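Here come two complexes built around chain A, the first alongside chain B, the second alongside chain C.
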Partner chain A sequence: MTCEAFSSGSSYLHRADPRVKILCAIFYSVVVACLSGMPLQYAAFIFSAILLSTARIPFRMILRRLAVVNVFVLALWLVIPFSTPGHVLFHAGPLDVSSEGICAAFSITLKCNAIIMANLALLSTSSMFSLAHSLAHLKVHSKLVQLFFFTWRYLHVLEDEHRRMVQAIRIRGFSPRTDMLTYRTYAYLVGLLFVRGYERGERVYKAMLCRGFDGTFWLLHHFHLHGRDIILAVVMGLVTVALAGMEWMGIPH
Partner chain B sequence: MDGNTSLIHLENINFSYSSGQLVLDDVNLTMEEGARIALKGGNGAGKTTLFHIILGLIRPLSGSVTVMGRTCVGEEDFKQVRRQVGLVFQDPDDQLFCPTVIEDVAFGPLNMGLKSSEAIERADSTLSSLGISHLRDRVPYRLSGGEKRLVSVATVLSMKPDVLLLDEPTVGLDQWVTERLIRVIRDYPCRGLLLISHDSRIADALTTRSLVLKGHKIEEECLAVNSQSRVSVSGS
Partner chain C sequence: MHISEGVLTPEILVIGAAGAAVGLAIGLNGLKSEDIPKVALLTAAFFVASLIHVPVGPSSAHLILNGLLGVILGWQAFPAIFIGLTLQAVLFQFGGLTTLGVNTMNMALPAVLAGFVVRPFLKSGRPTPLALIVSGLMAACCIMLSALMVSLALAFSGQGLEAIGKLIFMVHIPIAAIEAVITASVVGFLLKVKPEVIVGEQMNRKQDTKGRTGVAAAVLLFLSLFAVPAHAHKVNVFAWYDGSKVELEGYFSSGVKAMSSPVTVTDEAGKEVFRGKTDDKGRLSFVPPGKGKYHVVLNAGMGHMAETDVEVDTEPVGKAGGVAAPATEKTLPQTQARDKSVEPAGSVRGAAPVASGAASASELQACVTPHEMEQILDQRLSPIRRELMVLAEERDKIGMSDVISGFGYIMGLMGIALYISVKRKENS
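Moving on, here comes the complex of A and B:
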């Protein structure tokens, strides 16, 4: 499954306690999102890049992930430079491009990539299951953890059913065109996916009832803090606090 | 036919789907101590429905369900039933949902109130009795079909149910896994077994009697169904 592509590995970050990584990721992301001074944003960007390099994820795969995110950033570039009032740099037809707009778009690009890189480094290096377990250990409401966990768990099943259905239509000679048959087929496919997903959910729930499920999720995995986790927490904490402090005091300006 | 001494006693069960399609019409079933019964019948005859009624997963329109002398009315009664009667679902994917095999097998015991160390111990011993200890830390949905089936059986056996209900346990299994499953079930000390299967290998090996669900009713198939005695039905 693609969403767990980076979770196996032996780097420092892969071995770190997911609870620590989740907390670091949250605080760091919030602080970076609030940075206003350009030098601090550069600093955050560079720190995130260094952090990500320690996760030893293949460079091409990182680029592919970042490319997806930057598609959304590109959409901002199509709007913000033209819509932000300020000093007009040049005219693009009927539209004015402002220097403030370009700066704002650039700043969003920097911060967005810095946050994504840090989260790739911290979160994608854990499996979904250990993240779900960590959330439970961090006392996140059990309903939310279950939602997270089951969403992920049954993505596989739905993916599987989707694959089976696609195979079924393919062996009967289906190839997508722009005609009613194609649209109708896709509509059937999506509809059936919903129905099957619903029925699957029912059966799973019944099976859980048979085993005495009453809403409690049991945690069998227990995490233990190691020296490396404390080092990670201290480093991430210092960087986060330093960024937040300098932002708050307005240095450097 | 005393409902108090039998393991499972169904009386005048009626059930139809919400569409109005009749499935079970005044069905009676009594499972005595030590009974090993094969439940047969065509596709859509209502065999799985009957299993789900026994465990209270669906409620009949009318009729009574008595399990181990307890007449079940509400969810609380059926909660007790589910500790004593283990149901292995047709599709193992419906049954397995945990991140690791060991957690899935320990899930039932934990719900029964065992401490987590006891539950893990119980799960481990169940896995080893099925000869699948090596799957302990694997992710259930990535197992092969045969492995999934054995794990799904383990998730039920770890609760140590008195009665086993197996719903088409051998569908899609190869000869080897089928034989292994037969051995596991035969060695499990249960007080009663009810098996839905179209596979005569497992039905002959595990059961001594057959019932047929036909025309919304249950009928006795023949007096002695056994791999040896099937050829010559003589005496008792």
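Moving on, here comes the complex of A and C:
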């Protein structure tokens, strides 16, 4: 899995405190998702692009990631302009293209990309463990953080198991088709994955008991707010509040 | 089946987040700390399983397995799915932060329901045909329910998105069939190889009574989901003047009537002239104080308002009294009677109005003023107005019958397929 591809780096955003980044990402995303006016959506889009550029992630990697996500958006473009009633702009065969539909699709594209770029810049520049860690510091329910932590820890282990099983069935001449044999094989593969996961979970818990686990998840490393984190928080906070305020008062209309 | 960022309206996002929070709280509350590694490992297993692509004819689909998740984890399906979706949002930017609540709800609620239905059949710990059929059917229902919730969330977010919602629903029909086969096989496999994964989890759970309250909670959560959107989308109000009073009717775009909703009427100067509530059919009528334009505002709760203007172009009959009042009383029953005769005698009806029309035309020339004729026309046209309104409602309605028929279709097909496969296995 090409998972934490963006998490290594030394840019300003990579070094920022993940707690600040998580909070900024959540508030900014929620506000952008609620924007209704086109000018504000443009503003959010441009701001997200600037934010992402400060993360100094290779441009091609970003483009590839955004391209995958925009496949969903493309699907919207194939339907919304035709299905939204309103002022008919032109006819495309038997279908009418409405200007309202095009506006709606465009606004979704802007908002979606603005949020995703901001989250790439803020969240993907941290490793999963440091995100889990800061969730614990942000007083998220301890059980949820532990689940998150263990899931991420053993995801790769099970992924390896899965890869080995797929290799094993390939060696025995399996090639996937649309038939019962294929589905049953996949089902047994999934079943075996659960058996392995279940057994490993038991072993992990016993190992933890041996090391004196009593249900508390100790935090040894603590984050410290630096000047740069406060600057990030203030800038993001100001932009978020400005966007929310202008949306609330309906200024650009 | 993720809804991506920026598509849904804030209302839907809030409903989803609230529902997911309730589910998460129940799930985490029931999770004992010694089970955390196990549940986490199973969550990881589901995450890996969801990356498996199985061939479906010329294309392929990835497994969702939320039905199976519900069977194995019960209420813990909520945290498991929440974590899976969070990982996907952060790692691949699929779904998103703001839609996390809605997406969790869409996937986890059907999973929990499936778990409650299937688990009693698995108590014996043996892979009986009945147990496998039930788990397969519930897995298919689970996928279709998730698809239904996704399409409803989209439909309530915008008129143009409704089409996409329907498309998503259709696409998931074959996926549901595959999920049914795979889930039934996985359940069979697990019961044979390691029943603790399913049954052991179940034993950890408390007595039956607790299970029953759990079922009730899940069902309630599910029903509330349908009740809330009934208010959370467009509300319309129609108002017309029939010569004596203004009638109005409010309804939601799903066709549900806006019952006992407060209505305020103001005149052109903005002065309030009438205030009332719609009845249980969403209707209301009042006698306007005089000529002029009136502004009608219907408040359907939760910040959903509909407004419309109605023009009263003649002095209301009820007020004017004298000559006009008896005339309207005479014509009113007449129009109603004609309305009723529509079904039994269609051909006769065609001739009658022509004759009476011809008669009244000559009479009108002689004794009816244009002012009175307008009133009569208004009355005659009121059934047609009503017809138009019904049509408009019909047009705005979401194709719920399509959606429900889809369910039945799958259930039937899956039942037959599984029956045949089990029979064949018994024979061999």
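Operating definition for what follows: the second predicted complex is superposed on the first by the 230 of 253 C-alpha atoms of A that agree within 3 Å, B and C clash if a C-alpha of one lies under 4 Å from a C-alpha of the other, contacts with A are read in each partner's own complex, and residues count from 1 in each chain.
Just so it is clear, contacts are C-beta pairs under 8 Å (C-beta built on N, C-alpha and C of every residue); 3 or more make two chains touch, one makes a residue touch a chain.
Only a predicted model underlies this, so the values are computations on that prediction, with no experimental measurement involved.
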Clash-or-fit label for the pair chain B, chain C on chain A: fit
Following superposition on chain A: angle at chain A, chain B versus chain C, Cα, nearest 10°: 110
Partner chain(s) touched by A:200 [first = chain B, second = chain C, both, neither]: both
Chain B versus chain C as contact partner of A:39, first or second or both or neither: neither
First (chain B), second (chain C), both or neither touched by A:129: first
Touching partner for A:29 - first (chain B), second (chain C), both, neither: second
Which of chain B and chain C A:245 touches, first, second, both or neither: neither
First, second, both or neither for A:208, with chain B first and chain C second: both
Contact breadth on chain A, by residue count: chain C or chain B: C
Touched partner set for A:218, first chain B, second chain C, both or neither: first
Chain B versus chain C as contact partner of A:58, first or second or both or neither: neither
Minimum C-alpha separation between chain B and chain C after superposing on chain A, in Å: 9
Contact residues of chain A, present in both the chain B and the chain C interface: 150, 153, 157, 200, 204, 208
List of chain B residues in touch with chain A within their complex: 52, 55, 57, 79, 82-83, 86-87, 89, 91, 93-95, 97, 99-100, 102-103, 106-108, 110-112, 116, 119-120, 141, 155-156, 159
Complex interface listing, chain C residues touching chain A: 2, 4-8, 10, 13, 24, 28, 31, 33-34, 36-45, 47-49, 52, 54-57, 63, 65, 68, 72, 79-80, 82-84, 86-87, 89-94, 96-98, 158-164, 167, 178, 181-186, 189-190, 193-194, 196-197, 421
Residues of chain A touching chain B in the complex: 129, 132-133, 150, 153, 156-157, 200, 203-204, 206-214, 216, 218, 220
Complex interface listing, chain A residues touching chain C: 1, 3-4, 25-26, 29-30, 32-34, 65, 68-69, 72-73, 75-76, 79-85, 100-101, 104-105, 107-112, 114-116, 119-120, 123-124, 128, 131, 141, 143-144, 146-155, 157-159, 161-162, 176-178, 180, 182-184, 186-202, 204-205, 208, 215
